[in-house]
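Both of the next two complexes hold chain A, though its partner changes from chain B to chain C.
Here is the complex of A and B:
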């Protein structure tokens, strides 16, 4: 804590954390760019709807391709809400306060879109409801749909509950608020007046949510891993796929949070709240989860590599020295080993270096999912014969790539809207932590 | 020296690949075969439907060059390379096939095959059909099979009879016969090909441990082995109660992981339902308590 912190008044905190809530040219330009990009991608999807999945590079052997790699990535990125808010929050790490809402926003955005990503791989998306109508309770697919829906609702509630007090402050105290937004904030504030009974309800609800969030989050990514691990295919036939996926998810999510922290700090001028200390600590979190992930990676490749069953041998050969080797080693070294080594040093945990490391980690995380999904499908147990060349080797098409990009644009739109119209950093909690006791809500 | 060797190897290899690409030779007598009837627009229409069902998945839509990318390439059959074949060559290739092209001998009747050719020729404006030659009268053997189970011998006896020239029928010796039993997916051959003896009989051992239905019945059939198609043959089929009675319940009849939705294991149903009820119970509780916040404001 520096001397500055003690001098902060409630007015300054409120001003700092809410001054970005207005519609300016930058926001309109950014949203315009996102909307146009989304429309282009939606056009690509309309082509797929009209002409069928054949417009994508997926064929009889590689039936999932980038769509499912993308799905795993989105579920993974959404898991960070649980790590930051629930695990570290329940342990009582106070420095997390300014980061929790960023983590929850990322969780909500990715979880909301993850379900749409899976629809992009469906030939008949209008039959989505059949998953529920005809779903078998024995099938991980039904479990996956159930837990993702549940996790999304839990995350949304966890994003909203700590915001109630903030809404109450904003609609009363922020003079610069556009007039048409005032009634919205008033409604969302639920007449919050810092009444002890109100606080009791909110605190209890948050506590229940934090506890529920842990099994729900573990479930969504474990079940997602089971979609692969319950088959006997080389590369998927693994008993540690659950923890392997979960630890990998924390790596991707931590990197996403660091990237978001950097841009919010810069664009919304939050240098006093998201300090070097926060980046330093998030760097330690990223290094820790990356080490855990490295441990699972070693298990995942060393054990089958030692036994070298025939199908595993073909699969590992392609990954280590074959067609996928270049991508594999760039991902493993550039996205895991080098980041761990760099993050051991404090100077690389400063905002700019850690931003660059996180971008590398996040991109590698996407390609890691590609390497989990596609090579296994290219190596079936029965030999591939008498089929066209493009059935044997998967190569994504432009339409498929655009459809894969669309969910990212949607996530950016959701994150932009949430962060633009609500304080990125919890206002009420921050004020309390800075020692401001008496906030008038009347 | 080495360079020379390399050249020789390349030369031999290139000849080798050329030969292998051109080895689908049609015998001269088959080349000269012509259709037994004049092609009509109606036949072309029939041929189009047969083409779409049997040929289009590899050869593509005629004229669009959208054939499947296979090795060797199937090619577009409306194009000159295919059209310069005689009708006989086309007929022979459709009939016999050559991997990866399937043989259509047993899939399309002779008339069907000619109709497909009629359809393909409709893409060739220069094509003039050679005068049809009616098929020569059939001179081969006409064989009918019958089968029965011989209790004293514990064996299956297949008897072949044939239509003699004078119109009478007699026992057919020297006919190759195969025996099959019907299984879930197609037929399974029992024993080897047998040749009928002077009494027109071929005797097959029947395995004692072959599973049948719950009463021990299996569908047994006998066919003449006639790969060149020079005979007119009638197979025989019989339902015989000679197999092991097998009454295993269906794999989806009881509750199991792999079973249908209605037969999910109880513990999965309970775990799934309880988890959903508990978690969503809490969610509903939280939503209700959030609504209470409104009423609790000061003043």
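Here is the complex of A and C:
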């Protein structure tokens, strides 16, 4: 390869990966839509602040409703950053390079918003600081706050560090960059000049972060599962809740990454970088983690189902053949078994079919959290008597639904902003992998 | 750690020089700490001696736990805690020397619901909010139905207290589990953790909130109720402080409840006011606890529903359709 070829290639890569960094009508329309939707949801939240949690459908028996299911879902989706970047990255899977930043963006967005979701479930959100002032280390809530904050910071660093080199390239080499953005990129580039010593420091830091990310990520979802598993209620009183939640999180997160890959590829014209091979491989990843999750599902339902202890029997009866049966079977078959079967075939791992499968998996993943959180509370150990009908059966209200949708809008806003103003695919790393040894900075 | 040994060790002479310098610095540091500590000790000793004055005027006082003590009048100091602080520390420390316990005789309960009404009046609760609720139970299809008043079991190993992130619910030495609703953040983890469904939440503005606006919170009475916080049975801690029986126990027309002190091994029936030995009552009547297998160690005992005084009647539901 001659120097000229390299230069051409580098310029093409830079152009391809950064041409979307500009404010266009589509972006403004999309952001406008998201902002208006968010405002509607925030109005719903203001009603809850004024009138109390009673505006939601939750009552004394089903006391954790959609907000908690949503929280579990958000923590779950954020876990994918660790699977893609840390686990698969550390074992040296080279094809992952263009996907790592997408996975980290999803991780950062969902982890950041998960904290807000839990605040929406608080009866006294203005006392949030009490958790730090009066915090008791015995409470799993303290553990959850600690590990989610840690994971968020690690993920944010892991998103930022590989981006330093990209910032340096962009603010020097991209002519189409809006002028007001230049100083921002310059500041974020931290005077990076592609010096070997700088690269060494960054690479070492990234490696340390990747290793730290694994226990942090395992902790966030394990601890989240313990919010349920430390109680003695049927359906929650389980010793495998940790791995059950973690494996389920990988399913949801892989699906989220595939959906994001599809839209970035189409909207930002990244067909040369996110190829069919990447979708094919992500399909295999999704199938693998789904199989692991299926294994934990079998354990989680078959073992108590075999013994049928009194409280477990009531719980499983409701799930398998009772009031929650329709949702349960759609989620288990449509969101787990069928996707595994389809993903075994290469033709379903093409971009469009795998997009549809991933959407089904992601929706099912949300309802699966609903099924984990709510039915257990509808049949406590002692009977529910002498209370209004809406205490006995949980049904979400409109305000509650809007407050549940708000975090999704926030996540979309965060992902849109990050992907719009930064290269979706690591620029410096891609250039390296295409054989460009040293980038000249003037 | 082993540097000082190594310094003189003939086996590793190459370490000698560096570590002896380290030792020197370490010794200087130690000496410094020693001097500082000694000086501090001397100074505090001086202060202590200076303050040790005796007037010779001895006063006899009654302590909180009922002992007579003699102290020098100069050593008597006014309690710094006053008003709300005092009440808060009292409500956390409980009533000294007591271990409150309740016995509910299921053979006498006819679901009169007088206990429930008295409780709801005292604690400013809405009709659908229960600290005490009488449930119509049937353990298995073949066994007889019975009425079971159910309140907070004031567990000695309370799952609710363990999970509370902010210490808003706590276990007192006298056995009562209380709530500080000025502290509660409304996460409802305690409700999820309680196997007895004993806890309720103020989902909306509490009953008569406007009337009690600005009133200081009394943890031993759990009023005023506050929106967005937890509430539950507290064994009428305010009544116990006055030496009276709890509201529900006093209100029962059928002699269902005994209440008393485990340390004294005595419980008093709220209807007949008869005081009996707790251990004998439990032994003679086959007393038991709810779900002991969960390891929560409740402080409420039940006497089985045998030889019932009243026939079992299906209860009418009088709560509103929707709240």
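Quick note on the criterion: the second predicted complex is superposed on the first by the 434 of 442 C-alpha atoms of A that agree within 3 Å, B and C clash if a C-alpha of one lies under 4 Å from a C-alpha of the other, contacts with A are read in each partner's own complex, and residues count from 1 in each chain.
Convention: a residue touches a chain if its C-beta (ideal position, glycine included) is under 8 Å from a C-beta of that chain, and two chains touch if they have at least 3 such contacts.
No experiment lies behind these values; they were computed from the predicted model shown.
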Chain B and chain C placed together on chain A: clash or fit? clash
**Message:** Which partner chains sit in contact with A:390 here, chain B, chain C, both or neither? Use first/second/both/neither.
**Reply:** both
Looking at A:209, would you say it contacts chain B, chain C, both, or neither? Reply first, second, both or neither.
first
Contacts for A:201 in the overlay, against chain B (first) and chain C (second): which applies, first, second, both or neither? first
Query - Contacts of A:100 with chain B and chain C, given as first, second, both or neither - result: neither
One more residue to check, A:193. First (chain B), second (chain C), both or neither? first
- Tell me which partner A:64 touches in the superposition: chain B (first), chain C (second), both or neither. second
* Asked: Should A:134 be classified as contacting the first partner (chain B), the second (chain C), both, or neither?
  -> both
Which partner does A:122 reach: the first (chain B), the second (chain C), both, or neither? second
Only chain B stretch among 41-49, 203-211 or 275-283 with CA clashes against chain C is 203-211
So the chain A residues that chain B and chain C both touch are 134-136, 138, 142, 386-390
Per the touch rule, the chain A residues reaching chain B in their complex are 134-138, 142-143, 146, 150, 153-154, 157, 160-161, 164, 190-195, 197-198, 201-202, 204-205, 208-209, 212, 216, 386-390, 441-442
The answer for chain C against chain A in the complex is residues 128-130, 133-137, 150, 159, 162-168, 183-189, 191-193, 195-197, 199-205, 227-229, 290-291, 294, 315, 317-323
Listed in rising order, the residues of chain B that touch chain A in the complex are 68-70, 99-100, 257-261, 264-265, 268-269, 272, 276, 279-280, 282-283, 285-287, 289-290, 292-299
The chain A residues in contact with chain C across the complex are 51-54, 58-61, 63-64, 121-125, 127-128, 130-131, 133-136, 138-142, 227-228, 230-233, 377, 380-391
